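Note that chain A is present in both complexes that follow, paired respectively with chain B and with chain C.
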Partner chain A sequence: MSSSLVTPPLVKAKSLSCPNCGAPVELRGFAHTLSAVCPNCLSVLDTSSPELQVLDTFQGKERVQPKIPLGTRGTFNGTVYEVIGFQERSVQSGGDFYSWDEYLLFNPYKGFRYLTEYCGHWNVVRALSRVPETARARGRQAWRLDGRTFAAFDAMTAATSYVIGEFPWQVCRGETVRCEDYISPPYMLSAESTGDEVTWSMGEYWPGSKIWQAFRLAGSPPYAQGVFSNQPSPFAGKIGSAWRTWLWLNVALFVLFLLFTFMKANREVFRQDYVYLSGKSSEAAFVTPPFQLNGGDKNVEVGVHASVDNDWIYLNFALINDETGQTFDFAREVSYYHDSDGTEGSRNNSVVIPSVPGGRYYLRIEPEMSPSSPSTRYEVFVRRDVPIYSYFWIAAMLLLIPPIVVLIRSVKFEGLRWRESDYAPASSGGDD
Partner chain B sequence: MSAPAGNCPNCGAPIAFRWSSAIQTTCEFCHSILVRTDVDLKKVGEVADLPADASPIQIGTEGVYQNKGFVVIGRIMYEYEQGGWNEWHVVYNDNSNGWLSDAQLEYDLSWLAKPPQPIPLTPTVQPGARFNWNDKNYEATSVTKARYKGVQGELPFEYWDKADVLFADLRTTTGDFATIDYSENPPLLFLGRAVDFDDLHFKNLRLFEGWTS
Partner chain C sequence: MINNPLFLLYGILLLGATGYLEYTGRSFSRVNQQRVLPKSIRDNPGAYRSTYGGYSRYIGGK
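And then the complex of A and B:
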């Protein structure tokens, strides 16, 4: 083919000598590099001028050692990039001073990427060839891109305070850029403006361990302090899944509940009407005819329905085994009041006695009412082996704990994130 | 694929055109800029040595975009205060042509377009200005005064010895790209797409010491 005539020329890397101190300056960015910093004397050289004009010197500035050395290569999403430049960018606002590190990554085919690091939090950043649309979020101007809404997080004027390596632009010490950050974790949309031109870039949060892996660096990455603006919340996806788990456990609980209800005999073994005669302060105790409680140790429900009307009746019970004399003592009050405001109490009450051995039993009943009460009908019943619903309610309540804990922790994480924002909620802002 | 078109009127070297509609080309041997006339090739100028550039693309680089193969046959080189870029002239396998721009390894494909409405004049095209063309919202991202640095290979028009050229680049939220070339009257509009290097399945790229493509 036509290309066989010409073997592709190999583009060679260049090495220069610093016109200021004579030290060798290695160029890794080929002809893309417009300025390079001499590693020895920190002079900024204009590599596009044949005489390597010295643009600036960083005299008196303390040297900053990049955590990832210049020339290190790493693999990001399958593409190898080489660290060719490093700058420290700092912000001075009021009494606040802070800085972050920015690494320039280069691949001669795929182009440039940036790697930023602040307190152990990393972002892999790429310039955008799209523009976002305006939107609103958290009551402020926000941006929409790729189906995500990016909320305003902070805005600052950053100055280049230290620089080493090479760059495809003219490096100027002290050059300031207006930066605005908008977040949709794990992404951060940044607008950098000089004059009226805005450059958009998209950063993606990377934990330090992944950066160390990508560059095969020895040792461990710097500890990540606090929560970073676009750090993905470890709880973000978990709230939904916690509630889904909760839903499924409730379904399981309901099935269990049905099964449990179905397996209970729930048989009425005794029911009898009685009348409490008016005028007596207390009636003598009486016993019921015996009834049979089948099976082994199972529960027994003893219930009362009394036709009280703005009145009460108190019943002392003893469930007595006819054969062994084993006795279960308990009491129940039935009180029911009503007026124009509503009602209070109920005409029904019951008690469940757990683990009553099988056998022939009878009840000893001792009713009590106020002397002024009218004659009152009341009914007593006994059921063997009844289902107890309250256990299920308790279980359902306990199941709520995990999703609520996740929710609380998530809210706390978001609170830590937004506390660092320029637009922190008033209640937590202004303390740093 | 390439049809011989004659010899260089300056040095006599054979000149072949890869694209039948090319108007201008450069002689690989003597760097003469040659323009096709009805009968022969006319030397109109000479290219100065192009400044060293590090585009991985070269004349003869092939690629595929949306299942359509293309080959790079020419370029225009520009420079501005923040660097330089190449407008690579490409011909597709259906004989249509277009442009592949490489600005610091950010790539855009574009095609000369008939303006859907009169092209806005410079004062209205400032960064941030918005235009609706073909139901797409374009936002001007940069207005650049560029210096013409030279040409190479086949071009679809006579283009040489230019002075400063004003360009406006516009983009949409979904990666559409437009550029206005104010060096012509009326200005030219090119519409296209931002593309990723991997999207174009390049072959016959330049090689860089210490790197594999």
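And then the complex of A and C:
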């Protein structure tokens, strides 16, 4: 249906006089409304008869200014609605009063819609003509409608505390209604019961900016405080997406790992056994036979395996280029201890020297041990162009950070949502 | 993946850094380098004193 069919013509509102104070009362809902409120004295008038009988008079002192003035027109899903009524509803909880605003919207072809606002959170609400099916969610009774399951969020008795404009029922200040809210963000299913009558309605969360845009209101909407019951989570769908991205990046990392594993020569160029004789705190330095390191600037791994047992051996190394005298100094300790409580240390240790130019090299080794240590066998080996697997482990760990952050933020958001619920989990606290 | 452009960028940078470190063979090992050393060291290794002092020996144990 085109919007021209649902845009009400700009007819002048019917104007009558208030029988209580004589002020003009404009009627915008025509035959569709049953009561109206005088904007001057706030008397509730019966609009079903031309005499405008007074149903209720206003005794309060405080007037509430609607954020969207009566008579304002706004477009929702291509349909133009006019604000014809406003009421403030309040609920008492543990000695505190909470209130929210409800706007009655009217289109002569589409009927009524409602707009609710609480602390900057807006819902566009329509009455349902069918009853949802019962279901269960979060261990409680829930409702199911249009493929969605609505979980119980809160239940309260709300009273109309302020009213202005027209309504399709005989509105009355102080009127109470039992409200039960069920959520499936961004939707909220509400059941309002008075006596035996239950009215179901479906609300859809709208950000204030969209409401302001729909009504072309000046300024900016009130700031949305906290997390509202059916406010869609900004992280909805992002957790799965983040884990999918994590999975693909890990696949890419694994491909990179395989690539370097096959690319690297990882060739052993030297291996020799030595024995450290007991009774000395240090042994004379010695040099190994020369070995060839091929290629350009590539890394070199020098490793040690020592058969120490509840002991240590410390080895000073110098990797020396036999032709140029270029030297790389480093040291490694091998220590291994064990008892009935477990083990500590390792019999292996190694060092990776980056960017070692090709050439003929030898090692100068200067071992140290405790004078009380027994004779100990140790083995030294040299490998050229080795892959460094620790980088891939570190990268895999760092790749975990973003999805975990998204997960934590999503859980926190849902925690804030359910903290306001009557059915909050024990850890969320329900009194905030 | 397109829903997480920042994560994707972070991941690509991380993979790039991993590839760069792996390709260049860089490591976190602490190694000192001396440019000139007389060839006589080969015949008299005890004459050379290592300048390396960054690796502290573990003196604990059970």
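Everything below uses one rule, namely that the second predicted complex is superposed on the first by the 331 of 432 C-alpha atoms of A that agree within 3 Å, B and C clash if a C-alpha of one lies under 4 Å from a C-alpha of the other, contacts with A are read in each partner's own complex, and residues count from 1 in each chain.
As a working rule, a residue touches a chain if its C-beta (ideal position, glycine included) is under 8 Å from a C-beta of that chain, and two chains touch if they have at least 3 such contacts.
This structure is a prediction, so every number in the text was calculated from the model and none was measured.
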item: First (chain B), second (chain C), both or neither touched by A:G147; value: neither
item: First, second, both or neither for A:R332, with chain B first and chain C second; value: second
item: Touching partner for A:L34 - first (chain B), second (chain C), both, neither; value: first
item: Touched partner set for A:Q170, first chain B, second chain C, both or neither; value: first
item: If touched residues of chain A are counted for chain B and for chain C, the larger one; value: C
item: First, second, both or neither for A:P289, with chain B first and chain C second; value: neither
item: Partner chain(s) touched by A:G94 [first = chain B, second = chain C, both, neither]; value: neither
item: Common ground on chain A, meaning residues reached by chain C in one complex and by chain B in the other; value: none
item: Of all residues in chain C, those that touch chain A in their complex; value: 1, 3-4, 6-8, 10-11, 14-15, 17-19, 21-27, 29-39, 41-42, 45-46, 48, 50-52, 55, 57-58, 60-62
item: Touching residues (chain side chain A, partner chain C) in the complex; value: 237-238, 241-242, 244-246, 248-249, 252-253, 256, 260, 284-287, 297-299, 310, 312, 314, 316, 318, 320, 322, 325-333, 335, 337-339, 341, 344-345, 351-355, 362, 364, 366, 368, 385-388, 391-392, 394-395, 398-399, 402-403
item: Chain A residues touching chain B - in the complex, by the definition given at the top; value: 2-3, 6, 8-13, 29-32, 34, 80, 107-112, 127, 129-133, 144-145, 168-170, 196-198
item: Chain A partner contacts - residues on chain B that touch it in the complex; value: 1-2, 18, 51-54, 56, 58, 60, 62, 81-83, 104-106, 108, 126-128, 137, 139, 141-142, 171-175, 177, 194, 197-198, 204-211, 213
